[in-house]
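Heads up, the next two complexes both have chain A, just with different partners, chain B and then chain C.
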Partner chain A sequence: MSVQVITGNHAAGYALSAAGEANRTSRGTACGIYPITPQTEIVEYVAKFPFSKGRVVPVESEHSAMAVTIGASIAGARAFTASSSNGLAYMTENIMVAGYYRLPIVMVGVNRTLGPPWNIWADQGDTLMLRDFPWLQLYCEDSQEVLDTTLLAFRLAEDHRILLPALTCMDAFIVSHTQTETTMPDQADVDRYLPDLDLPHRMRYDEARTIGGLAWPHEGLSMRLEIDEAMKRVPDVYQECRQRFSEVFGRDPGDVIQTFGTEDATQILIVTGTMATTAREVVRERRAAGEKIGLVKIKMFRPFPEGALREACATAERVAVLDRNYAAGTGGVFWQDTRAAFQGHRDDLLIQNYLTGLCGEDVTPAVIGDILEDLSERDAAGEPVWMGIDTTKETLQ
Partner chain B sequence: MIEIRIHGRGGQGGVTLAKLIATSRFLTGQSVQAFGLYAAERSGAPVQAFCRYADEPITNRNLIYEPDHIIVLDPTLISAQISAGLKAGGWILLNTTQAPEEFANDFSHSRIATVDATTIARNNDLGTRSVPIVNTALAGAAGKMLGIPLTEIVAALEHLGFKGTNITAAERAFGEVRLLDSPREPAPLEDFTLPTNTARGHSILDSASMAPPAIETGQWATEQPRRQQMIPPCNHICPAGNNVQGFLDALARDKTDEALEILLRSTPFPSICGRACPAPCMDNCNRIEIDGAVNVRQLERFAGDNGKVTLERRGARDEEVAIVGSGPAGLTAAYHLARLGYGVTVFESAPEIGGLLRAGIPEFRLPDDVVDREIDRILDLGVAVRTNHPVNRPALLELAGNHDAVLVATGQQALRDLQLGMNGVDAVVQGIDFLDHVHHQNVRVDGEDVVVIGGGNTAMDAARSALRLGAESVRVVYRRTRDEMPAIREEIEEALEEGVVIDYLTQPVTLHDEATGGIRRHYTLTCRRMELGEPDASGRRAPQEIPASDFDLACHRIVLALGQSPDLSVFPEGTEVREGTQLLGLLETPVFAIGDLATREGTVAAAIGSGRRSAARIHTVLSGESLPITEHADASRDVEIWKDEVIHADAMKLHLFERQAGTEGESLPVSKRRSTFDEVHMGLETPAEAARCLSCGVCNECDHCVTYCPEGMLKRVGHRLEFDYTYCKGCGVCAAECPRNVIVMSHL
Partner chain C sequence: MNATAPLAHDDKCLLRPGNTNCGGCGMSVGLTMLGRALDKAEDSCSLVIPACCGIVTAGAYPTTSYGVPTIASTFASSPAVASGYASIRDLNNEPGQVICWAGDGGTYDIGLATLSAAAERNENIIYICYDNEIYGNTGGQRSSATPAGARTTTTPTGKVEGKKDIMSIMAAHAIPYAATLSMAHPEDFAEKLATALSMTGMRFLLIHSPCPTGWKSEPEDSIELVRIAVASGLFPVYEVFDGARYRISIKPDGTDPAEYFHRQRRFADDEIDLDETRRVCAERMRRLEVLARSFH
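This part shows the complex of A and B:
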């Protein structure tokens, strides 16, 4: 174990490679890779990694990258890849296939604005567009969380009670290209944490069969239900994986939601990713000044941690959901799911949506302050509020 | 917590500098962050990087708006705005040669440090000359400024794998950085307000917002395209000094008159050279590397035969120039001097002017009316002619006495002989004399076996003429191989087509009278077989006799075509006759030898070149004005770099040209040639062949560059190319797509 100053991309590349290498005593590792800013350094890292068993296949597109990864996974390899933004959009058909095949693939998504207009900066709209697919989604705040969560994602995805692919996400540049001190686990510890992959429906050379061929409606229905059952098991299995992680690495990879000052808060900010760092500091200062404000960082988006969220907001009267994404025609994606989580449980709770940091805008302490001010002055929730831009005058009628 | 903002240009290593400073703090146990602000930039674009360090964990993930310190990597980025948000009393470290005091007014609330990191980086070979990588030097300077010991900066460098000159650069900058430790105005700054912009940006539906962003991308460039011109090999090699590329370009645009006008700047004889020139331009044509040379000879003929140009004298001058000899050199000099306005008189010993143009080249290659037409163009300029006027030594002195300048262009009159043991026999005739008889139609060789000795154009012309005059057989005897023959390659081929037999590696030895009682006298020429040995002084392999290899040829007539040499009897003994040398040195009047007499080059084209150069030289002597010696492509096309070098095929992008076979033009069928002196070649019907010219090294406005410029910043305005360097990123696509090496990238 050593501490190094590295970027989020480096952390992701290291975690994927160490996890792949840990399967060397079984079917090894294999994956398809294709570059796109700002995740290119991840696939460059895995392409250079001297795997003992397996290979990394550079292909001509994201769609093929996932196709190769699916093939590798179904043959029993520990398979992974990475992409971003429009690359994920192009990969989408096969992303869905990986989920319905129940393959424990781990993908790192670097959250970048979908174009046009062309934009390389942070926005979660790309991975959130995959929200209805059978994938686990985990959002991270810094390099350490990226590294730890990526390793955890393999154990969680490969657990026989789950067997679903997992997506680890980080904000473009703010995590992917920012160098901070990060604790790097030794391979031996990764080997201990990630036992050989044992895929129950693995394709074998001597047993020809078809997976995912035509299924009659009732059989299809059955498989959908199995996915729902697996998703429902995730919170418990996650805690087991988190516990085991702490035993092996001596570090908590973090709960599905993480709270700060919620125990007595009447107003709570619900945030994700790097916004959490800034918001936590603002909350710390406000609490020091005596305000009863709390913070919830949502780490796991799929499955959505409804129960934990309700518990964390037990004392809250008002909740602000900060979304670094915009689902056209409604508002923020995290806001929609938060409202659903409280509906019928806490109909008295004021849940207001703030769209902030879209297209890579910097979410500063001043922005968080403006949100808290708006929230405290409200009598009732309203339309999602666009932060940092004039909404009083429409440009084109 | 300390926050540092770094301003630099892409490629200078700003993000790495942030990481170096962060690492030096990380190694002492502090919490750190280092990151860049990325966009679609590339080398040279202004970029920012950031560094934070603190004893406690860092809880800020924003950009840095109110830095404690600022570092500027590039001198061109230094401005008052660069310090926006800098806290009062903070350091600003500038990469500059200037002293910190010189910036005290600009950054009056700041402490200022300066270091010449660019020179330190260059001296340590870090980066390239245009983009030196200054980050390691600035790490050293920043260490000194921030109170970080040099050992900790070096430790950070080594931790990140830097060694050698990078460490030297950091150490030097640590020692050399100059610090101005107290701000000029110690009063605190007003509170900084982070500028916020909540105004609407562009709408994607608004057509007005579709204009390219006003980012002056030209400042990213480390290279810029420039217009270059080089010398095409045809222009370089042309003995006459013709602008070959220029007239071909005009023909390619179907401007025949313009093509002729370009040719007439250097040569008065395009129709003649278009028939009789050995055309070294074609041997040196870069198109050979694709699909064969451009047929320059026939295109020159096309321009000469079809173009219409009215020539005018350039003013009138008082000086009178005498020219002795009316071959191509003398007439070319007369032509240029007359156009310059001089009075010119040509003295010719023969009854008609033209010299070897008339008598030396038979009609089937160069018809008389073509010669007449081009000579008339010269005479129309007002050149006076004295025929039947031989000039001996006293006469030359007299001409020098009553003219302002004299040019002697008597060519090579002395004929080389061969001792065959039977001199004075009527049947042995000099080739030049034979061709003169042919020209005056007072010789027939019906039924004869003719042997021609020699390998030059006179030998070929004599042999082909003999065939047309009824010879039973014609053999050419030459002592080397075909490769060494000085004759024009095409003429050798045509002679063979017509039935001439060539005995290579054959040396005539003796001639015997054959005492037979026939109508004609019959001779036996004994010849000896030769082989090629080591190269001689001319660079050609010298023929050596093969012992006991003699054989006999029966013949009725022998034509000697062994070459000529100048007749120098008109000059005092020992006079060194070379072009450009003043002869008769005691006289003030310039007297120059020109053409074959001076150069011995032996072609019409060389004679034209000599005549032209000599006319220019006389003009300089008489007027003091210098004229260009060679015609090159018009420089009015906004050439920025005149590269005085020949462009060879390897500098051309030949793959960008389509293959297109050349055009020969029609010829008289071989079956008809033996019975007529009609011209063999009929010439081209159109100038389309000129479009095959690659225009090597000279812009012909193909505009590939304009088409392919990804920025759309390259435009053609008339004959000029306009580069908008405000937006040119220096990508080099225009240069990559220029087939002829006209667009070249130049380092800034």
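This part shows the complex of A and C:
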């Protein structure tokens, strides 16, 4: 174990490669890779890694990158890839297939604005567009969390009670290209944490079985129901994977919902990714000044941890959901799911949505201050508020 | 091998009886031939099949008409899925071919970039296109493999453009083996399958595959139609090694192509320019003969 100052991309590349290498005593590892800013360094890291039993296939598109990864996974390999933004959009058909095939593929998604207009900066709209697929989604705040969560994602995805692919997400540049102090696990510990992958439904070369062909409605329905049952098991299995992670690596990879100062908070900020780092400092200052403000960071988005979120906001009277994404015609995606989580449980709770940091805008302490001010002055929740932009200006057209 | 020997109807055969393929379907013949070639070579395979009639052939879950491991891929992805799957086979020293079995839509159109990339990487797979010159599974729309003059649901007055020359495209990748196969010539067909099975790296096989439903032809005419296509030079039967060494397998015998068009109601007799067709066929054969001479 060593401490290094590395980027989020480096952390992701390290975790994916170490996980793949850990399966060398079983069926090995393979992946399809394709570059896109700002995740390119991840696949470059993987391409350079000297796998003992693995093959990295540099393909011609993201669509094929996931297809190669699917083929390897069906053959029982530990398989992974990484992408971002329009690359994820191009890959989407096969992302969906990996989920419905129940393949425990791990993908790192670097959250970048979907174009047009062309924009390489942070926005979570790319991975959130995949929200209705059978994939687990975990959002990270810094390099350490990216590394730990990516390793945990393999164990979680490969658990026989789950068998669903997982997506580890980080904000473009703010995490992907920013170096932070990170504890790097030894391969031997990764080997201990990730046992040989045993995919029960892998295709065997001597077995006459067809997968992915026609299924009548009732069969299809049963398969969907099994996915729902697996999704419902995720919160418990996550805690087991988290516990085992702490035992092996001596570090907590973090809970699905993470709180700061919520024990007595009447007003709570609900955030994801790097917004949490900034918001935590604002909350720390405000609490030192006696304000009853708290912070909730949503780490796991799929499945959405409704119960844990409700529990974290037990004392709140009003919450602000900060969304670095925009679902056209509605508002933020995290806001939608937050509202659904409280519906019928806390109808008294004021839930206000703030769209902030979209298209790579900075979410500064001042922006968070403005949000807290707006939240405290409200009589009721209203339409989502666009931060950092004056929507009354005619020049906006 | 006796190409006409009846198949043993056990569940180990590649295409099991009881599938729902149309009468006169060339794809069924192709699969049967492939199964026999594998048996003769004492080889086995896994199939990767994109969206096409070939995956419908499997029937409904949990039963299957395929007696081998079969993976359905997305329409454009069969060579990429096969690349990942074959990589793990090779890393684990497991036997058996990984064979993509795809229609012309998945080959000439939506999957062309994926196929080109797999060829460029010289993946250790066999890619077989059963070319029925139409999107058969969706009810008969034009593809870039549809020949000029053919009426499809999306070319109701006949296709204006000619057929894409996929063989030249694949040969240009300098893959170890590319060949065209006609089921009117089963010995040559079997020999080419045996050749492909004996090699490693990327192998591409193109089968002219009659489709009575899409061609609006009689099922019993299927083999006769592809025989005329070979004899008249409409479908040249040849093979290319390493993109360089050409060999013409069956020489056209001067048969008039008119009968080929006349027996398919997808063509309107008075709309086919037979003189132009004869000229194009002769020119193509001349070019192939030059290539075959240059490299032998």
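By definition in this document, the second predicted complex is superposed on the first by the 392 of 397 C-alpha atoms of A that agree within 3 Å, B and C clash if a C-alpha of one lies under 4 Å from a C-alpha of the other, contacts with A are read in each partner's own complex, and residues count from 1 in each chain.
As a working rule, a residue touches a chain if its C-beta (ideal position, glycine included) is under 8 Å from a C-beta of that chain, and two chains touch if they have at least 3 such contacts.
This structure is a prediction, so every number in the text was calculated from the model and none was measured.
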First, second, both or neither for A:Ala72, with chain B first and chain C second: second
Touching partner for A:Lys297 - first (chain B), second (chain C), both, neither: neither
Touched partner set for A:Pro38, first chain B, second chain C, both or neither: first
Which superposed partner A:Glu281 touches (first chain B, second chain C, both, neither): first
First, second, both or neither for A:Glu207, with chain B first and chain C second: second
Partner chain in contact with A:Glu181 - chain B first, chain C second, else both or neither: first
Partner chain(s) touched by A:Arg324 [first = chain B, second = chain C, both, neither]: neither
Dominant contact partner of chain A by residue count, chain C or chain B: C
Touching partner for A:Phe173 - first (chain B), second (chain C), both, neither: first
Which superposed partner A:Arg242 touches (first chain B, second chain C, both, neither): neither
Shared chain A surface residues [contacts with chain B and with chain C]: none
Chain A residues within the chain C interface of the complex: 27-28, 30-32, 53-55, 57, 59-61, 63-65, 67-77, 79, 93-94, 97, 203-216, 219
Chain B-facing residues of chain A, complex: 5, 38, 116-118, 120, 142, 173-174, 177-181, 274, 277-278, 280-281, 284, 362-366, 388-390, 393, 395-396
Complex interface listing, chain C residues touching chain A: 11-12, 44, 46, 48, 55-56, 58-62, 64, 66-74, 76-77, 80-92, 94-96, 113-114, 116-117, 120-121
In the complex with chain A, residue positions of chain B that touch it: 18-19, 22-23, 26, 31-40, 58-63, 65, 194, 196, 198-200, 203-206
